[in-house]
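Got some structures for you, see below.
In the two complexes below, chain A is the common chain; its partner is chain B in one and chain C in the other.
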Partner chain A sequence: MSEAFGALGKPEEGRDFSRTLNGFAIQWRVVRALLLREMQTRFGRNQLGFLWLFLEPLMLALAIAFVKSFVLGRGREYPGVSTFVFCLVGYLPYFTFRAIVSRAPGTLRSNMSLLYHSHIKLIDVVLARHLLEAAAVVTVMTMIVFGIAIWADLPPNNVPALLFGLILLFLYAQGLGLLAAAGSAASEVVERLIHPLVYLSLPLSGALIPLHELPPKLREVLLWNPQAHIHEMVRDGFFGHVLPSYYSPGYLLFAAALVNLLGLAALRAVRPKLEF
Partner chain B sequence: MIVLRNVSKYYKMRGKGVRWILRDTSAVIRRGDRVGILGRNGAGKSTLMRLLGGVEFPSEGRIERRMSVSWPLAHGIGVHSSLTGADNARFVARIYGRPVDEIVEAVNEFAELGAYMDMPVSTYSSGMMSRLLLGLSMAMDFDCYLIDEATSVGDSRFIMRTQQRLENKLRDSAVVMVSHHAMHIRSFCRTAAILHEGSLTFFEDLDEAIATYEAL
Partner chain C sequence: MSVGWWFALLVVLPTLIAGAYYAFVASDIYESEARFIVRTRSGGGGGGGGSDGGGGRVAAMASLFTNAGPGQEEARAVVAYLDSTAAVAALRQNLDLVELWRRPEADFLARLWWERPEIEWLLWYFRRRVMVDFDPETSVLRLRVQAFRPQDAQQLAQRVMQISEELVNTFTARTISDTLRVAQEDLAKAEQRVVAAREAVIAFRQREQAFDPTSSAGAAVETISRLEAALTQARADLQERRSYMRPDNPQIQVLQNRITALQAQIRTERTRLNRGEEALPQQVAGFERLALEQAFADRALTSATASLEQARSDALRQQVFLMRIADPYLPEYPGYPRVWFNLLTVFISLSVLFGIGWLLTVSAREHAS
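Our next item is the complex of A and B:
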């Protein structure tokens, strides 16, 4: 942010461009330090804790897929796509989305004392947490993709689509997370609404139902939700044309850019009002 | 220099009115200054420190920091309680872009925490905490140190060491310290100010400030 001048420098020092570069250097330094600290406090100093970061979403997605495919036994089979794999691929992006958006307010509140170090900006605290979540989901996805490719002999159809889908998922969730954090810092009502809204978005996101199965009118409605585009994109990357998909990367990119800009503006607006 | 230009700070109270911490105050803190700020409980001393440190923003007016200013040093502030002293030193070194190992060494040498350096900060006594905080901030070589809660600065031996360090190594650094104890201000500061009911009054003479404060 604009006030991020050097540790020992004066604000007047240097031209605008070098100040911006210096700001980025400080921001990178701070986010890196926060990431290292976050890993220490969250997982302690033993390696099992670190492993847990990957095991947690994997186990949850596996459990949901298991319940859906073996206990409930519903859902249509597509040639070469088991319900089990389908649920896994559908639920994991939602899991990441929920982890980022609904944890953002708590991240802010529990890290307020970090703001005593004036180099640390609100955005750094939230960004470090989000990067950690993103690293987790990318690692888990990679493991799953390899697992399915090896045991089920089903390599992902379109790796770039899968990868871009995940990047857009991260960007979109990050923007909403910023808004959620700023919103709950400003008002308690907003904070209470975030959890229910995130859960409500699950049936509206098409995470567990392919849009192809829906009547066209309903599909049109769901496609207003950028989450639906994310899930369709990730599924397309995974299953390809076995399952016709409906998404627009342009719309997603626009939605991600919009929520990020609004989120940054909201954080900036709320910062001077924070009380310690 | 830290420049305060027409700074006001107030909090909206639930229900009725506002509580003033500062009203239209202008002041300058220069390198080499040792200012003690006296104020009763609830006068807003810690808020003033947060304003000076850039943690909290003034309601009106501007605060310009033209030197590097430490974070307000108070019990448990700026450190993470579940991490060890050494981990905290590494974290702070990374934030401020300083060589990590050197800083851990410097903190260890100044704070004399011994084996506690590798214990979680939550196990520290208040004296150990303030030794860690002062050690951390001194290792960062700030131009200005904001010291809150002077009540737990440590035992007399450590106070002497801190004074010595401030005199020698940090000759042209500034110190702003708040306390409700005149004694602490006397042992670290050269001038003083009184924060009372929204106004900050500076005194050139320490004794005069203390006498005025005690007569409040």
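Our next item is the complex of A and C:
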């Protein structure tokens, strides 16, 4: 990394700055082009890809709501919080998280040939993929939230908190995705581990159980996981005071920034292995 | 400019500015802490034990489901109260909050910024300086109060405890008066009903000149039936004697006279029973209605008395009170601001942000090369 930094100490300052701006402009164009290309490959041929984005969280929420209310009998229920909506709101962020993090290794492999172009850098490919995932999931979330608001008569309680939670979710997942991409490029073992780790994070993230229901000791342990903060924040944005929530935006912000830094650095570190 | 310069400008310089603030400007902040608990007389969670029986178990189960033990609602109410303008207004009545947080030794950033703050701004500052945490596991409320002088912190904490206690006491007073008021109103109503029923009976007796129409009607019916029995007997006798006596036998005459007399008597009795100014059946019906009302009124009075007793003991059991665990102490060491923690936070956060920005810039520049 030191040589990467060292190469940048150029003497002419005015040109330096304009070159940076120019670089950003080019990068933006590259990322946009890649985004369009990703969209083609993912949703281009048939609409099933996009439909599946809706169906998966809906089906899972339905299944859990069914199991909870018929198999386990009436559990603890909060007034004004239906199990179905609760599961949906809990699962969607996890769904986004999983989509970004566990697809990250594949991103590099499937786009390796693009790196022959000198303007396309490793980070552009990853960024384009993440932006696409984020856009898709935000669309799904918006439509589902609207659906819940209309059919279940349950409008989100605090839209800014909901939105901010989703943005933080995206940032955090993007950092972890960068790390995952870099890690899987570095070693195959890491690539194999990413999927199980992402699934393992489901019970640890408190996606499907409100932290309020857990014993305080366990809650404190879970709150070390930034994902738990994300889920609590999204739930707070959706349900408000109906369901007491525990999260700290500061901690979440710091965690997101930290994984982004580590991810960017790691991606830079593995670059010699991949670029040409 | 090289990375080092940028790092110095964007990370080290802000950290140094913050450090200079803490070193030369920032004033000491003292924190006083107190702990208390809000509990009901019944208290003790699910420990109702055998004497309470089913009710205790149901209540314990309910508290399990709602995560709320006895007194928890009130404790949460105290937390909500201490987060409101009502609490600030109550505190201002005998404590000058503005002066307390604008002491001369307070620095310009940490002190209350307005000389005559609107209540909203004062509440905003109040929330920064007065913190209440509720631990649902132990039901203990922890109060932390910050001020620029140790005495101020302690005094304010004491005052906050006081207004919390007053709030809890109003809860109790309200509960007791509410529960008792309803029961007492019921009792008064029942008493009035009993008196009215008694008076109606007395008025009836005076008006009808009859002590107990039911028993006199009974007596009349009995008289009639006795007369009828005698009549039947007399007729049987007559029939019997006719078989062996001549019709002009004086004994038969006697019997016939007797039968006539009995028939006349029965007729009179029947007329007396059924006709006249106030016929006996109507009298009986009216009287029985009154008697029934009297019995109901008596029973209502008994139950109202019992429920008042119950309400009294309930109210006593529902009493909520604030129990002090640890009184606010006089702080000796200024625990705030936490200089090193804050500086480290600033430095690390800025470094991370700088790192991200730098890596993004570097990768963007590569596109232009």
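The rule is short, and it goes like this: the second predicted complex is superposed on the first by the 229 of 276 C-alpha atoms of A that agree within 3 Å, B and C clash if a C-alpha of one lies under 4 Å from a C-alpha of the other, contacts with A are read in each partner's own complex, and residues count from 1 in each chain.
Following the convention adopted for this analysis, contacts are C-beta pairs under 8 Å (C-beta built on N, C-alpha and C of every residue); 3 or more make two chains touch, one makes a residue touch a chain.
All values derive from a computational prediction rather than experimental measurement.
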Contacts of A:119 with chain B and chain C, given as first, second, both or neither: both
Chain B versus chain C as contact partner of A:41, first or second or both or neither: first
Which of chain B and chain C A:216 touches, first, second, both or neither: second
Partner chain in contact with A:26 - chain B first, chain C second, else both or neither: both
Which of chain B and chain C A:102 touches, first, second, both or neither: neither
Which superposed partner A:265 touches (first chain B, second chain C, both, neither): second
Partner chain in contact with A:227 - chain B first, chain C second, else both or neither: neither
Residues of chain A that lie at the interface with chain B and also at the interface with chain C: 8, 26, 30, 119
Chain C-touching residues of chain A, taken from the complex the two chains share: 4-5, 8-9, 13, 16, 19-20, 22-24, 26-27, 30, 76, 119, 121, 123, 212-213, 215-216, 254, 257-258, 260-261, 264-265, 268
Partner chain A, residues of chain C touching it in the complex: 1-3, 65, 67, 135-137, 349, 352-353, 355-356, 358-369
Chain A-facing residues of chain B, complex: 11, 50, 53-57, 64-69, 71-72, 76-78, 80, 82-83, 87, 90-92, 94-97, 141, 143
Residue ranges of chain A touching chain B (in the complex, touch as defined): 3, 7-8, 10-11, 26, 29-30, 32-33, 36-37, 40-41, 113, 115-120, 271-276
